[in-house]
Each structure stands twice: as C-alpha cells, then as structure tokens.
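Next, two complexes with chain A in common: one pairs it with chain B, the other with chain C.
And now, the complex of A and B:
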C-alpha cells in the first residue's frame, strides 16, 4: 500500500514538474502558428504562418539576429583569451592575493547588474565607448569572466600533476606538455565554460540596450520591444528563433554540462 | 597571468562601483559629473566624506520599503522552493537508476538554455487571464486563478530560471556520496528518510550552500523576471533601480538602491565564502 502511494506521489510530482518547465514554452510556441485565440477554447481559432512572414520580412529583426550571432562568438573568443591564462594560474600557481582575487570575482557577481549599468554609463561616456561595438563587447565579456575563470581553473586543477611530470621526464618542453597533456585533458571543462559564456552573451539585454541602442540591437533587446509593441504571435515567432541556437547547444553539450564540470568550477579552492 | 581578467574587472566593474559609492554619498564631481548635471532630486555632499541623505530618503520612502519587503520575500520563498525541488530531483536521480530519473534531471536543465526574456514572457502568458492554466481549468468548469502580474508570478519565474543551476550543483554533490555509505546506513537499520537526513544531506552540504547562495543572490538582484511577470507596484528593487535611472531621472536614488541590494547579497555571499573555506581547509591539496 505504501509503495503504491509513493509511486502515485512520484507520478504526480513528475507530471507537475514537466508542466511547470515545459508548459509555458509549449504554450508560447503554439501562439506562433495561431491566427487568434479565444478564451476559454483549448485550441486556437485558426492556423497560419503569416507571423513568420512578418518577422522574416522585418529588416530590423534580421539585423538583430546577425548582431547576436556576431557578438556571442566574439565574446567567447575574447573572454577565453583574457581569462584562460588566469584560470591556469589560479589552478597551478600559489601567489599572494590568489584567494582574494577569486572572491573578488565572486563579489562582482553579487552587485546587481542593473545598478552596475547605471553607473557604468558615465565611465563609458568618458571613454567614448557609447554606441560602439567595443563597448558592447566589454559589457558582454564582463558577464562571462566568472564562468571563463572558475570552470577552466577547476578543469586545469583536476589534471593529475603526475601526468605532466611524466611528460616532462620524457623530455617534453613545458609548452609542449601544456599543449599535448594539460590542455586536452582540461578541454571538456573549457568547453562548458565557453558554452556558459555564449549563453550569457546571447542572453544579455539591459547592458547591451544601454550601450548599443538604437544602433546595435541584439535579439534579446529586440525581444523587449517586440513584447511591448507587437501582437503576441510575432513575439512568439521571434522567441522560437531566439531559442534555436541555445537548444542546439543544449543537445550538443548536455553530457558535458551534466558531467559535473560546472559544479566543480563553483567551488573555490 | 592572472592579471588580465582582474584588471578588466577592476576597470569596468570596480571603478564604476567606487564612483557609484561616492555618488551615493553626494560627491558629484569627476566621473559622476555627466550623470549629476542632468539628475533630479540630488543630495549633494555637505561634509568631506559626504552625506547619507540619499540613503535616508530611499530607506524611509514608504513605497520603496514595500518594494524592499517584496524583494526579500520573493528571494526567500523562491530560494527555499528551488532548494526543495532541486534536492528532490537530485535525490531521486541518486537513489533510482531509472531512465525517468535521468530524463527528469535533463528536463530541469532546459530553462538554462532559454533566454530569460523568453522564459519570463512565456510564464506570463501561461498564467495569464487567457493563459493555459485558466483555459485548462475552464474545460472542467473551474475558474482558475490569474497569476500574471502578481507576486506569485515573480516567484514562479524566479524558480523556473534558477532551477537548472541548483539541480546541477546539488546533483553533483549528491552523486558524490558513495554507494557503500548509503548501503551501510541502510544495513544498520536506518530508514530511507533517516539516511537522507543524516547521511546524504550532511555530505552534500557545501554544494547545497553554494546553490542556495547563488540562487538567492540571483533572485535578489533580478530585473527581467519581475519586470515582465510582476505587478507595477509593489515591485522588486531590480526594477526600481531601472525605473529611477531611466524613467524618473533620479540616478542617485537608483545607485543607493543598488547598494542596498549589494549589502543584502554580501550577507548571503559570506555564507558561500564560509562554506568554501571550510572544505578548502579539509581538502588536501
């Protein structure tokens, strides 16, 4: 009896969770094909692909897609160049202020983004970074520093030193040891960091709007105005388009993200 | 080698925070002069260190007090809910090898890959007056609740967006508990509940604390979720920071609120740092 009750409880919990996570997304996606929807009908009044045409014909939305798909990879690349050497240093070297720096990175995460952007504006005006690609990239990269430093640092730290020593004993130079032993073993962790950074950049809206609008609109910044100014079906179409790159990433990297690299990275050692 | 990201953060995050602190105390010169010339209702420094008038104004404003209370409530409720659900999923995955358990863990990660703007808006539509919840209930003749633009919707949205990270963190902690330990506890006659409470939970304390602090800090300073799903008033401080800055043209008040949120986040962050150093002290490097 107890077992049956437990099974029933479990089934209810699983169904509720599915509905909670997927319900809103499916409901939103179905709007993209509806002519209109009258409450309380379970089905839309009719089906159409007209909203897709509206979105695809709007040059501003096309530009936003292009901007997003340019800024996100650039952000990941810059962030990797800036942060990966630091991640290696945090993992392998003991230096004064090491722990203070790791906590400092964490602290920047605790300051509300909105408040930061409000004050960053004056600095950006002073440095002439407003309405520039560089300014937008700086905003995006800042949002990725924690991921790009912490997760790869944990990945580098988990490469056994004995393997590196063995390679060195066999006569390999330090650089060669790094590129043939350390880096390949740390690569899955770095990949997770890159994906988290890509998503962070792809998702960034407030800072991009403040620095880039109206010259440089990205998909999330366009999404804000779409939701406020267009019929819901148009925003639904755009939502599906905006989710495609992220969902593809999810399918590609599910195993790595689930494999604990992310969790490892968030423990300061 | 560690310098580039630190310098980047110091210049583009540290420096703005310091200038913001000076501005919140009434110093309107230097980098703050651009903002200060167009700002309204400004409190200018009256002594060498400044003035606390802006803080006094914000903290005694009845509307902002309500918003602060709402912000804290939403943060506490969402964090507790996220922890319970995430721990439940992690536990189920640890104790059952079924495909359903694995599928559930993957499912809970999905919101991480959906931009927050879309997630918030999808939730707004789902729980709106003409949304799915009310539509489905109407089929069986029940008048469902309208949660869109309420505090409940902010909590639902916050749980939705925070769940993936917590599930990843806690799962990895719970997975690390060895089978042998769980079996030993069961062999010694402990019930399942007892094993979870006094064996699995203590061994996963650190990941649980990390997940809780990141969830709480994230919700505390959030903007997008309350902006889309919540009521116009009372709202969360993240939305107020934006409104005071861009709509009301009162950047000083907006910056003061940012520091109020930061102060709360720092208290939570202390728990994170403590949890980490406790393990770091035990770990053999």
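And now, the complex of A and C:
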C-alpha cells in the first residue's frame, strides 16, 4: 500500500516537473506554427509556417543577427582580456582590499540594471558614447565582469601550487609555468565563464536598447519592436531563434568541458 | 691534492641556515653536508622543519640567513628554475593534462634539446623506473606506485646535481613502501646521485640512508650512519626517536638505580634481560639478590619472531624483547640492564 502511494506521489512530482520544464517550450513551439490561437481553445486553430517567413524576410533581422553575432564574441574577448588577469591575481596573490574588491564585483549585478544604465547614459552622452559600438560593448562587458572574474578565479585557485612548483623546479620561468600548467588546468572553468558571458551578452536588451537603438539593433532589442508590431506568433518564432545559440553552447559545454581532469593524477591526502 | 680540495665543497653544503615565520624560528642555524653520491635523510617528527629546509634548498622558500652551496656554487638568491636540483614532491605533482611521457619530457623540452634526444633520454629513464609500458598513459590512470616512479623519472631525466625527495613513500601502502624504498635506494646508488630525503619514518631513514640527520625543533641533533645512530645516540631525543628506549631517572650503580638530579638512564628493550626469580642459579648470575632490580611481567605482546614483554619494576614499566621462549604474565623476575645510555640534561655522557 505504502509503496504504491509513494510511487503515485513520485509520478505526480515527475509529471509536474515535466510540465514546468517542457510546458512553456511546447507552448512556444505550438505558438510559432499557429495560424491563430484563441481563448478558450486548447489547441491552435491551424498550423502554418507563415510567421517564420515574416521573421526571416524582415530586412532588419539580418542586421540584428549580424550585430548580435559581432557584439557577443567581441564582448567575451574584451572581458577575458580585462578580467582574466584580475581573476589570476584574486586567486594567487594577497593584496590590500582583495576581499572588498571581490565583494564589490557583485555590486555591479546587485543594482537594478535599468537604474545603472540610466545613470551611465548621462555619462555616455558627455563622452559621446551614445549610438556607438564602443558604448554598446562597454555596457555588455560590464554585464559579464562577475562571470569572467569569479569563475576563472576559482579555477585558478584550484590548480594545486605544487603543480606550478614542479614546473619551476623542472626549469620553467613563471610566465611559461602559467601558459603550460596553470592556464591549461584552469581552461575548463574559463570556458564556462566565456560561454556564460557570451550568453549574457547575447541576451542583453535593456542597456543595448538604451545606448544603441535605433542605429544598432541586436536580436533581443529587435524582438521588442517585433512584439510591438506583430502578433504573438512572431515573438514565439523569434524566441526560438534566440535560444538556438544558447542550446548549441550548452551542448558543447556538456560534451567538452564537463570532463574536468583537474583532480586526476593528483593525490590529495 | 687539488681534487681533494675540490671534493670538500662538492655535493651539498648548508651552513647557518635560518628560517622564520613571523616570530617563530622554524629552521634554526642549521648546518648539513651531503657528500657526492651520498644519500642523507632528514629525519624528525612532524613539524620540526624538514620540509621547510628542503624547500629552501629547492628554492621555493627564501632563507632568512645562511648559505646553501650545491657543487661548490652558492644558490641562495637563485630562483628554483636556475638551481641544479630536482625534487620529487610528496604528492608527486604530476601534470594531469599531460601523458607520462610528456611529464618526463617537459624539463628537456625547456632545455630546447633536439626532438630525438628528448625521446631517447625520456625512454631511457622510463626504462630505469620500469614505466615504459605507461609511456602514453595519463597520470590519473596509473597506480600510486607508478605515479611515484613517474615523478622520480621526471626528476632523474634532468640529471640533477642534487635530488630532493620529500616523504616520497608516504602516499604508498605499507607493502609497496618496502619495495619502493629498495628500488629508489638501488637506483640512487647505481646512478650515484647526491640525494636528500625527508622523512618522519625511522625505518625508511634507517634502510635507505648513508647517513641520517635527526632534526628536532628546527635544529639537527645528530648526523650519523644508521647503525651508529642507534648504538651511539648523542642526545636523549635521538635515542628515543630512533628505536625504542626505556627511560629511567638516575644512574645505574651495581645493578640498582640511584637517583641523581638531571641524570637519566636509557636502555634499549633488547638490553633488558629478564631472569625468573625461581630459576635455578638465577641469583648466582651477577649481583646479590638485594642489589638487583625486581619486577613482574604484566603483559606479553607477540611480535612474530620475538615477544615484547612489559615488566613492572617498582612504579615504572619497562619494555623487554625476548627471542624464543616467552614468560607467563605474573612471573616474578630479576631485571638486568645491559649497555645503559647515560644522559645529563638530555645530552649523552660518554661513559658506558
């Protein structure tokens, strides 16, 4: 009796979970192919690929995709160049204000974003950064600083010092030790940080809209105008397109990064 | 004559080495000489400064004073990559993202040797440590003993003027430890590498070393050959740390203990002889009965080839080793103490 009840409960839990995970996705997918979908019908009124054509034929779309695919990698690159040395310093060196700075990094994410961008906007006007690629990149990089510092710092910190010392002992100068031992071992963590930064930049809409619109539209900001001008089916199509890079990257992470051979071959007592 | 003079500075020579952490002096005015081709162990309890000393020799820690000479050249002030020493780390510190071959080849690649020479030399050392079959394995996929040999190979391939081993066997299980220590010793003697070995295990030190430096509280108490260290300890600490020791206050006079301020008598368990009081002729041997120590066997611990007997003498317990026939618990015995070691304030008095 008890066992049956338990299994029933478990089944309900699993179904509920599936509903929460797959329900919205299913709804989104159906919506993207619906001619129309009116309350109180449980199913779409008919199926069509018309909305995909609307989106794909929109001349603004091409530009938006291109912008998104330019800004996101550039953001990751700049963020890495700025943050990785800082991450290494946080992991390996003691310096005054270290803890305060680590906590302070979170502050950039603690404020409501719109408030931060609004105050930044006045600064950007003064510096002539509005409607510029540089302005957009600055906004994007700010959104990635936490990922690009904290995760790689943890990755650097988890490289055992004796592995670096063994390289010094074998005759390598500090810079070579970094590139042949520390960096390769921290790479999985850095890759995760890069992917999260890419996605953060790819999805960034508020700041990009404020600084870049209407000259520089990215996929998320373009979605705003599509939602205003078209029926909901178009938004659904666009959402699916927006999620493609995320899904691809996550699959890539699963395949190549999760292995984590950091602890391998290293006996910790 | 000139070779003789050069010899004196060969090997490793440490003089007046000092290291402080904050206001704690962890290595205190330490002197040590290791002759070419010799293996010297730094033996001492945990926390006495062995690793700290070794890391100063390797160059990972800056000394606060003193000099370190390797093959006659002062290396204090040189970074680790420019010192002619190679170290085997306690946890092996193999690079997990490289194969065994690449781990061992790393030091040679840095020296920009031609590729075929790198391959030849790496394969040669891998052969020496019997690891050729794991040439292309990752460290994670080989056993602890094999990892240890890989780490040793990575040190040997550098043909160092000084080999440093930090507790090289502590991560191996007991069975393997005995075999590996023989292997390391055999290889070290065959290649004639000047070696410093750090260990807290007296068996390890006794079985592998030409000489042993016993460390205590950041200082070296005695440097001697293994046998001499046991039979001729210069301090109470050394006598107690290397081998077992019964400590009795006072001095032995005609078979009895006479209390005396600051004096202490040490006797090895194998020098504690027990004679049952009811044995015929027991009282005939040596002194008159009233002049002898008397005790009672309280515990018998079988140790395989011998028995360890715990004897209560007055209010003290003594340990004794008995080969062959053991005695029953409760047996009343005369206790004869041979070859006593006499210490005054911890230092050995040279009388026997």
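Quick notes on this structure:
We adopt the following convention: the second predicted complex is superposed on the first by the 248 of 269 C-alpha atoms of A that agree within 3 Å, B and C clash if a C-alpha of one lies under 4 Å from a C-alpha of the other, contacts with A are read in each partner's own complex, and residues count from 1 in each chain.
Quick note on the criterion: contacts are C-beta pairs under 8 Å (C-beta built on N, C-alpha and C of every residue); 3 or more make two chains touch, one makes a residue touch a chain.
For clarity, every value in this text was computed on a predicted model and none was experimentally measured.
In the superposed model, A:70 lies in contact with neither chain B nor chain C. When the shared chain is aligned, no partner comes close enough to touch A:225: not chain B, not chain C. Once the two complexes are laid over each other on the shared chain, residue contacts for A:48 go to neither chain B nor chain C. When the shared chain is aligned, chain B comes close enough to touch A:113, but chain C does not. Legend: residue contacts after superposition of the two complexes on their common chain; A:239 is shown touching chain B, with no touch to chain C. Look at A:173: by the touch rule set out above, it reaches chain C but stays clear of chain B. Using the contact criterion defined above for the overlaid structures, shared-chain residue A:132 touches neither chain B nor chain C, since it reaches no partner.
Which of chain B and chain C touches more residues of chain A: that partner is B.
In the superposition on chain A, contact is made by A:14 with chain B only, not with chain C.
In the superposition on chain A, the residues of chain A touched by chain B in one structure and by chain C in the other are 262-264, 266-269. Interface of chain A with chain B (complex): residues 10, 13-14, 17-18, 20-25, 27-28, 31, 37, 39-42, 82-83, 85-86, 88-90, 93, 95, 98, 101, 103-116, 118-123, 125-126, 138, 141-142, 145, 148-149, 199, 202-203, 205-206, 219-220, 223-224, 227, 232, 235, 239, 242-243, 246-247, 249-250, 254, 257-258, 260, 262-264, 266-269.
Interface residues of chain B, counted against chain A in their complex, comprise 1-6, 8-9, 12-17, 19-20, 23, 31-35, 85, 88-89, 92, 100, 104-119, 121-123, 125-127, 129-132, 134-136, 138-139, 156, 160, 163, 165, 168-169, 171-173, 175, 206-207, 210, 214, 217, 220-221, 223-224, 228, 237-238, 241-242, 245, 251, 254-255, 257-259, 261-262, 265-266, 268-269, 272-273, 276-277, 279-280, 283, 285. Those residues of chain A that touch chain C in the complex are listed here as 160, 162-163, 165-173, 176, 180-181, 184-185, 261-269. For chain C in complex with chain A, the touching residues are 58-60, 79-81, 85-87, 89, 91-97, 106-107, 110-111, 138-142, 144, 147, 154, 158, 171.
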